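Encoded as structure tokens, the structure appears first; notes follow it.
Naming follows writing order (A, B, C and D), and every chain is counted from residue 1.
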């Protein structure tokens, strides 16, 4: 738990679909904003800005555990790094409420690949990036 | 200014389009969330819950003043009631930053009509609703 | 009618909100796709590609006439140019079904300004652009 | 191939994000519309309307193979049933262009569970539903 990054994710009323639940596709947007919060903000604070724009999503796995309805309060997203390889790393997430009892809405996993948009090709993870990512390796 | 309701509107990275600006259609979602914040939360706190589900949007006017880019900080939306009639009222908005200098991104106006979804017809504004709305009449 | 451009706009199931109607903000996306269809496709066919990327939305007015529900069939959007000025032009739209009886869901208007993204400033409408736009002036 | 359902999925200009690609989350919306096309339209034509409203998404897996850019032409989605169990079935998809050369953008898989919204509980697949689903079992 100690290595999890926490993002308080605001909901929008329009995230609900005609069934009155947050639509399954919107959670993928929530995961994106949780990653942006980690990669754009935290990583830049740590002095590594190459993660900010140079990543592609290679794979998502999203497991739906319980339906979520709109409310003014944000929902909590905890994320952490579950694997770092030479040219790929994996982010795991849990979307949940802690109160009144712990309720998990979604468990998910994203594989990300560093990409050099100037050269238009995949690239390896740099040592500086690895150091930042290793700080969030956990479960 | 004293009669303005303030909503701190979070942005999402995905709100930006291929031009790198918040897409013009997303502002309409922002306005919706500002209304929800006022109508669902503030009005319910004041004891009027009929505004919460019984409204239809009749008209939007949106004037774009300056482009907005994603950033982790929310953007400020100020909204107030500019007109109350028998079966219709109007919300005016300004989307802006106060710092470092006051910058207005959007000025907008929405006409709303109370609707009885059970009877499937328009209805008049009730005296209780009018009292809540009058508290936000301003400029 | 003869000067109207017609765009058959596909709906998505997720365009409906928790009230079971197409959400008011989604119509603004529909209008964008109708403009893109005109500006990207028709105009390029006519040999004018500067309209394709060099426009900013300055203002929207959207009047909601009737609710729309998801169905597999597209909805019809008719659009035409209602005004051309030196550095601004206006698109009017009607979102409607012709069958079984003519039903109008939305009437809307967008003011667009040509913008030179390289120089980062407003620019005037060129004679070639004006010729294309004049072909759609109508009511 | 013979058991694949084909859906021609229209793109929207706004599906692109600030990197100029269709955003990874939009593909999940595309998959939803491909399912709706199968479940709402084809299944209803076959006389089974219980699949139309009584399903929950339990899991998505989405593998991104190549980036996609907006164009006026729809992208092709082929989908088929890869597994039918007592109270769950699985849809596999491929998002692709056939021309000028076969290009796969996304491969994906969704687990769906029949749900009785009136009783608010999971339910088993009926024999009639199974017959329709078996017609699309394939690879």
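The working rule: a residue touches a chain if its C-beta (ideal position, glycine included) is under 8 Å from a C-beta of that chain, and two chains touch if they have at least 3 such contacts.
Keep in mind that this is a model prediction, so the values were computed, not measured.
Greatest centre-to-centre distance from subunit C is found for A, with centres as Cα means.
In terms of C-beta pairs in contact, A-D outnumbers the other of A-D and C-D. Centre-to-centre, using mean CA coordinates, subunit C is 30 Å away from subunit D. Centres computed as Cα averages put subunit B at a distance of 35 Å from subunit D.
Chain geometry summary: the mean Cα position of subunit A and that of subunit D are 24 Å apart.
Counting partner chains per residue, subunit A shows two or more touched chains at residues 13-14, 23, 25, 29, 32.
With chains as nodes and touching pairs as edges, the resulting graph is complete, every pair of chains being joined. Residues of subunit C that touch subunit B in their complex: 19, 23-26, 28-29, 32, 56-64, 67, 117.
Of all the residues in subunit D, the ones that touch subunit C in their complex are 10, 12-14, 29, 32-33, 36-37, 40-41, 72. Interface of subunit C with subunit A (complex): residues 13-14, 16-18, 20, 23, 25, 70.
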